[in-house]
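Common to both upcoming complexes is chain A, partnered first by chain B, then by chain C.
== the complex of A and B ==
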């Protein structure tokens, strides 16, 4: 069980285990799968637009700084993939390619 | 779901909706007491012939009918604020569902682990099975795990829509260029119906929402079959 995956999930697994409905997929797969972008105290409001945008920018800045192989950058990718609509990401990727992305990477 | 002549709330399927219903009932008690009292006073004053020619002011009664409403308002405001902040809370979500409003359908994206992306159109009446619900059933339901904290990120691609599921106590506007977050936890399995709640054009009435609440295992099976 991943420590980050939260108490709710642990509780859920315990409940399932007690009922004898232990998921056929292994617990390891499940805990790694049932994970999403965590609550970010910089964005405590209903409006999450900046959470998405900032994570996208951070990912590309991180890659530029540390190289594409640097594993910790993937965290930002995970966050913006979870929070940003796919259409937005596609649009920004295109802008990055054309050099018309509004932020400094 | 709501059926014909059903005027109350739908049965709640999430703890927060349960709290909202309790809050509604609490306010109704206060409201009915006030209406009964005021109605009784009006009736009794209109139907008797007592007069007091010398009364110009009465400090005591003035004090009471100023202070008492203030106290009553506090008893309404505090639970209301509690609920407001509870609804805003995001408790460690395990799944993020992205929902995008279009003219005139909803599209959904799950991209936490396996990628799933699909559009959800209303089933037209002539294609509806006899067990289906007219104007409410869709071709692709939004499957989500129960007993799990879910974050919904709501946005729109063209005009303003509003993503609403009354049984879950969720309603948030879908605004182009903005991501609105809402969260819920479904406490039982079932189908929860909702409709677009912001006038968005000609087919505003024909873009319903169906959330299918299943156990985690079924959800994982569904999403793995979807992303193939």
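== the complex of A and C ==
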């Protein structure tokens, strides 16, 4: 789910609230969070390892370029959070910290 | 046609201890390597290398006696020797094929462990237009001089044969010297990622083959000095020249794909 579609959903919620049809909490969770990374034609194979890695790299490059407050960078984080095993992300965070991460950020 | 046993052109070999000493020392070599790797002790390795060198010297000395002095290498035998050399070089091609396979496997779709980049982030490869290009011209020139030597032999021009073969050996030695310099100056090692592994295994085995080829040519040089070669019978030299061309061609592939494209 990217920032734009998040905004659209917020608008939808507001419209529903005006009509007095406010969704329940569980419905809100279902509609806004039960979403996985979309298909990316750069990574057409069943093995999505490179999609995961590229999204992790893109997130950090995006933040470096645009600053940590720049909301659209969160899209990449959502993707790698969804696709990558947590252990890999932890390992890469450590590598970034000690300067042994194998890509240029 | 002459042979050791009557009216046929085949060479029925005499009893020889060298296959046995060769096998035993080859087994000792592998065992000695393992002993070295595990116990940091090189005594069995050194002993086996000594035994192999002794076997090689005496076996090939016997072959020279049979072929050059006893006339046992008839045209039919020579045909077999040529086929043997062709099949040996074919097997060497497959040997290097496996290293190129490893290289292309690692470089065409680099894994996330090396940042999906080739060369991997942090590796500084050699500039292919410096020493590697010089080495390309050296090996290509040595291919020309070894052909010059072949023609000199066929025309029974002993002086030019000695000069051109000597020049070939010097070029081979110069190549090895430059590669050694390059290895010493290298900013990465065999332990630095799959780049270092594929690079040094492929170029290292090529370097070993250059040393073997130079030794082969050096033996031909000495045999030429002792007049073992005639204008129409010089199989040992031909085999050495084939081998040298093979080493040359492997280098061209190494240069184009590993040094140039892969750097």
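Here, the second predicted complex is superposed on the first by the 77 of 105 C-alpha atoms of A that agree within 3 Å, B and C clash if a C-alpha of one lies under 4 Å from a C-alpha of the other, contacts with A are read in each partner's own complex, and residues count from 1 in each chain.
Just so it is clear, a contact is a pair of C-beta atoms (placed from the backbone, for glycine too) under 8 Å apart; a residue touches a chain by one contact, two chains touch by 3 or more.
Computed from a prediction, not measured in an experiment: that's the story for all the values here.
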{"item": "Contacts of A:104 with chain B and chain C, given as first, second, both or neither", "value": "second"}
{"item": "Partner chain(s) touched by A:54 [first = chain B, second = chain C, both, neither]", "value": "second"}
{"item": "Between chain B and chain C, more extensive residue contact with chain A", "value": "B"}
{"item": "Chain B and chain C contact sites that coincide on chain A, given as residue numbers", "value": "49, 52"}
{"item": "Chain C residues within the chain A interface of the complex", "value": "112-117, 120-122"}
{"item": "Contacting residues of chain A [partner chain C, same complex]", "value": "49-50, 52-54, 57, 101-104"}
{"item": "Residues on chain A engaged by chain B in the complex (per definition of touch)", "value": "5-9, 12, 15-16, 21, 23-25, 30, 32-39, 45-49, 51-52, 81-87"}
{"item": "Interfacial residue positions of chain B with respect to chain A in the complex", "value": "88, 90-96, 98, 100, 109, 111-114, 117, 145, 147-149, 151, 153, 155, 157, 172, 177-182, 185, 215-217, 220"}
